[in-house]
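Once you scroll down, you'll see the structures, which are given as structure tokens.
The two complexes that follow have chain A in common; it is paired with chain B in the first and with chain C in the second.
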Partner chain A sequence: MGRSAAAGAPLTGRNPRVAIALLVLLVVVAIAAPWFAPSDPRAQPDLARIWEAPSATHLLGTDSAARDVLSRLLYGSRVTIGIATLAVLVSLTLGTLVGASAAVLRGVGDAVLMRITDAMLAFPRLLLVILVVAGTGDPGTFSLAILIGATGWMTTSRLVRQETRRLLATDHLRAARALGVPRRRLLTRHVLPGLAPTLAAAAVLSFAAAVPLETGLSFLGLGVRAPFPSWGNIIADADSRPLAHWWLVLFPTIAIALTVIAANVVAEGFARRAREDAASGGGA
Partner chain B sequence: MRAALLLRLGQAALVVLLVVATCFALIRLAPGDPFFSALDESTVTPEQRAEQRARFGYDRPVVEQFVRYATNVARGEFGWSHSRGEPVSLALAATIPKSLLLVGTAFLLAFSVGTAIGAWQGWNRESLLARATDGVGLVLVSIPDFVLAVLALMGPALAWRLFPVGGMRTEFGPTGPAGVPDLLHHLVLPALTLAVPIAAVAARLQRAAMLGVRDADFVRAARARGASETRIVTRHALRNALVPVLAYAGVQFSALIGGVVIIEQVFDWPGMGRLMLGAVQARDYPLVAGAVLVSSLATVVGTMVADIALLWADPRQRGRP
Partner chain C sequence: MSVAAQEPATDSLLRVTDLTVRSARVERPLLDGVSFTLDRGRTLGVVGPSGAGKSTLALAIARLLPRGLSVDGASTIHLGGDALHELDANAMRAIRGRRIGYVFQEPALALDPAMSIGRQVAESAQVHGVPEGEAATRALEWLERVGFPDARRAARSFPHELSGGMRQRALIASAMILEPELLIADEPTTALDPTIQDQVLDLLARLRQESRTTLLFISHDLATVAERCERVIAIERGRIVDDRSATEAVAAYRARRAIPSFEIPTPEPGTPLLRVRDLEVEYTMRGLFPWGAAATRTHTAVAQLDLQIARGEVVALVGESGCGKTSSANAILRLVEPRGGSVLLDGLEMGRLKREPLRRLRRRIQLVPQDAGASLTPHLTAEACVAEGLEVHGLAEGATARRKARELLAELGLPERVARAVPRELSSGERQRVAIARALAPDPDLLICDEPLASIDETSRAQVLTVLSTRRARRGLALLLISHDLDAVRRLASRVLVMYLGRVIEHSVGDAALVAPRMPYTQALVAAIPTGDPSARLRRSLLRGELPILSPPSAGCSFQPRCTHPLKDERCSAERPMLLPVGPAQPTHHVACWHALQAP
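So, the complex of A and B:
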């Protein structure tokens, strides 16, 4: 029905390689945080030194409980990137199941699955998550990731459905079917590998949506809660006086913005490539 | 056309039913008893509890409870808000107009400004300014709304003191018609923050659509007929290029309904979003459920209006399921 989940046009002249490098760097930083970080992100060494501006002892300052902001930012990347990654895995799995089933089933099954997808897509994701968080109290990091993933599979399922339908109509799949390859083998050996580029694009898109959602929830006090660090709850710590405590806003903001911009640029790169492939006669 | 409309209606009904069911599940499954959360558990005897539960129908089968909840909701009764000590419907009625003012302003702002900028960018693709603003658009799409809100608070409100830090009116300020300028002054920052990401998305869609029609045959034909450039843009190109933007307006509307929760919280705007977050903190489940229900109804209606506008604008969509 002509609605695209991937909002936006191709942008000329932006290099996805730089963006990919940035994302890889982020993951490395997240994994290596314990070796980088100057101190424990939850340690409160000296409660007299709360809300200190950046200095030589605390490169990015301290927060409301005298915790080192640089350490919280580094460990926060583990939490934020980790949750987003887990959420992406959940979204991809659900989205692939729904999208591929719809494409294979066709007819009524297809219609039912896609109408459910449309319905979910029309519902504000944040409200759905708030509703569940309200019911469970404090969901914990793992459940939060699952919840974010479970509310974000719709883009993937639409992309996967479209691509699966296209693949099923290609010559080599028709040939495989004519040769009597069983359905299950057809899906696992022929369709699934063909879906890889689509899944990669879908993964980046849902990553770009998961990071703002998690940081936003943590900012509101409904996601990751102190003393555990997330890029979102570091900013929340400055909420009462953001200008006076600017370092609590500035550094996480840069981290979030760079991550999401990089993911969006990579997604654009995928989209452009898919369009070029289609234009050069790659597809049927 | 009729089939397509009926399908949209059916889909909307499905969404509403799902939301009502989820809200019901929240109230039912939430930890703690709905009546005794505020009381000391040990002073309540099991008999008293059973009596209370029976009084409010909590001993009935789940299906019966659900049907009653759904019929109550249909009548506009969402239950009792224990954190505010008033019916949920009253609490909602007091805040809904304030949220609507914010969402409505942002929506109009986002789509008028966003489509205008995007159309200009697409039409003047080679212009350096168009490329530069497109880069700005990418950044704006990528920054989460709560970050934008905090940044807006830091710069224009706190550092430059151009706008109030929060709230909807100056305390003890003028009310009634005399208070309108004050209200608008308070409205600027939250509405802008809410509108900017949506406008950026709308601009990018509009830009892509304009690029698509720029070299289309009907545009060349119009030019060959000697139509003025303004007429070509407004009457031919823009009209066709609006379709993808309209197609996305529904989804954007749902993004607005989610975004307003965060914006209201940061700017202390006394709307339904802030009410909802307060209710989450207070574990006031009927109020949370009521606010979510009303928001989703608003989303469903908004999405439907957008879909119908799309059917009207693009006859090709009518035949499609």
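So, the complex of A and C:
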């Protein structure tokens, strides 16, 4: 009963509809920001009106350079989500390559790849990113995304290794081998589709990790820099007076929190699905 | 609902009227107006092909139907004087376990792997208000009654430590602990060996008499049902098509069970298609800690297997599960690396082949695995699965391959919808036939079939055998048939090998080893075949105990500890008998038993 009840729960089950809807909405907002936003996020229509609290003219107030916070928040979602998505693509590719190779190679190859993964995990990610950014100066949006992805593939590689090993030992893989299916086709046609739920979970999970990392860096002034908006550097504009300039802190924080929580819930749903598939002996 | 339904006849325990069950996804009802009564203390068998609705019927009575299936409003189910169809979920929970016991088909799935057997059996009493201490005592008592030699030890063990037969006994104990009025047994022995199946069914019969329980026994195997029940109803496509006494049902069954004559081939002289010499398979088990005596143990699954198969020949490998049949098949196919010996296909040593030549060779020697359902890749349609064999061996591509796959599926009697279905949408019999189609697609010379007919009903079985027979006659397909269905083996095989604990202990050209078995073990195996005749059952020399798979190998005859031969002596435990011809008159019937050789 417990399991079937959980499967139908909109928030915590294998199909967390509310969280998925939230993430979809976020992506739609990011894409459609130019149509929604009341003004250009970099425009400074009236330099006298800095740090204005929310009002009818500026629904979410203005920042240190008199820019419209609502517009910056909407455009900022493009930057934040864009960077996180690109980072996920990088980490998913790296993680799948490393994890699947480790599972297929076994023995020494497996040991080497997984110890590299362990070493990467042992190094604090934030510190690593800060060191690289500090060493190279202004990284630019694209390089920042690559950097976040390149430091975040380890969880994925562990998950993928585990799941690939399980799939490689299933009856249907043995049967495909007995049929004479060549190795490459075995992987692309029989193993990889079975990995889909695991990869989906890993993707959303690394998305949930990439968002706070990027916004954190931007907040510190190491990520996306003004006048380009990011949820992180909007908060930074509160100019160390978060209570006085509460709107600059509150709205981006809500956006970040909702995104991260929704992504975690969705990831948990996918992971549940992967577990249930594994328990029923299947793979897709 | 009529008023009369409130007052069932005094002696009827279960009364089902007009039971109709629908699925949200399928238009045709799964059960269509099923009505029957079962009198108190009686046994009723329910038979029918897979997918006929037998399990749906059992689940509907216990109100355990999965989501998506619903019972029509007009259906009524009465147990004693209670209308089960009117009860709410809580009231029903109080009835399940207390008044209706349920034994499922697959004991491995019905037991919780993380809970000790004792606690699981006790729990079935505890949920109905029996205090913990008393439940534990009763559980021990019941574990003893279902035949655990040491009930305390059994109570402490976990499901994975028990064999299939013992798990089923534990499940029966937990179904019977409150001595329910009605026991529903849904294919309780289908997953078990015939020898074990017999023991479990005897147990059920004994308990039923002791506790005066009424039994609803579901099986696809009429022979088994008829031996154990007084009345048999047959279900097909959700409707009752037959309802009569067991004796009449068996007579009808005998008339129908004519496996299409499968001309038994004579082996041709010359180079055999497959020659296996001295094949040995060993498994290494590692303990939890890399030190101490239990660090690594080796288990010899197959020892000194010699085997030859000519083109077009059908060779059968029989024995209880765990005897090394499947390991032999896997080693011949090089799915596991044998420890020693050689496998030659057309004189070509398979062990020396590198990966790519070995892969290409696999076209010629195909496998129908034991668990056909699990052997199908879950996300591939049946059509894609069958077409794959053509594609990877360069025999056909794309649309042509898929068309050929559909033709092959149709040849095996599968309806059109199967081609586009993924495995979880198919019944187990359909999956098995998809696996057979997949193996036949690349047009192999040799087909290794591991229990190919296990979950296929009579009609489809005939279809499968016809296809195999045609292939054999037209293209010289050879078969290595691994099975414990001795009845089918006897009709098909031109050579029979009987295995016990990894060794061939009896071997004959033709079916002599099964018609006139000399080895006590083979005799017991043959005796365990259900015939549908309750009187024949009593004559059986039952095989006691189970396969001692993990005990240390003895120097003597491996069967000796379970042997009931009157002449059993010290030589049996000291010296391993070799395979020798039974006598000068039977040069092609070999047996490994010191006492079978003496003239009777």
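Going forward, the second predicted complex is superposed on the first by the 257 of 284 C-alpha atoms of A that agree within 3 Å, B and C clash if a C-alpha of one lies under 4 Å from a C-alpha of the other, contacts with A are read in each partner's own complex, and residues count from 1 in each chain.
Basically, a residue touches a chain if its C-beta (ideal position, glycine included) is under 8 Å from a C-beta of that chain, and two chains touch if they have at least 3 such contacts.
In this text the structure is predicted, and so the values were computed from the model without any measurement.
Once the two complexes are laid over each other on the shared chain, residue contacts for A:I130 go to chain B alone; chain C is not touched.
When the two structures are aligned on the shared chain, A:V108 is found in touch with neither chain B nor chain C.
Using the contact criterion defined above for the overlaid structures, shared-chain residue A:A48 touches neither chain B nor chain C, since it reaches no partner. When the two structures are aligned on the shared chain, A:A122 is found in touch with chain B, with no touch to chain C. Applying the stated contact rule after C-alpha superposition, one finds that A:A56 touches neither chain B nor chain C. Shared-chain residue A:P242: touches chain B; no touch with chain C. Once the two complexes are overlaid on the shared chain, A:L179 sits against chain C while remaining clear of chain B. In the superposition on chain A, A:N264 makes contact with chain B only, not with chain C.
When chain A is checked against chain B and against chain C, the one touching more of its residues turns out to be B.
Touched by chain B in one complex and by chain C in the other are residues 4 of chain A. Note for the complex: chain A touches chain B at residues 1-5, 7-14, 111, 115-116, 118-119, 121-128, 130-137, 208, 211-212, 215-216, 219-222, 232, 235, 238-239, 242-243, 246, 249, 253, 256-257, 260-261, 263-265.
Partner chain A is touched in their complex by these residues of chain C: 67, 333, 335, 355, 359-363, 366-367, 369, 371, 374-380, 388-389, 392-393, 423-424, 435, 438-439, 442. Touching chain C in their complex are the following residues of chain A: 4, 170-183, 185, 189-190, 193-194, 277, 281-284.
Contact residues on chain B toward chain A in their complex (touch as defined above): 7, 11, 14-15, 18-19, 22-23, 25-26, 29-31, 131, 134-135, 138-139, 141-147, 150-151, 153-154, 158-159, 201, 204-205, 207-208, 211, 243-244, 247-248, 250-251, 254-255, 257-259, 261-262, 265-266, 276-277, 279-281, 283, 285, 288-289, 292, 295-296, 299-300, 303, 307, 310, 314, 317, 320-321.
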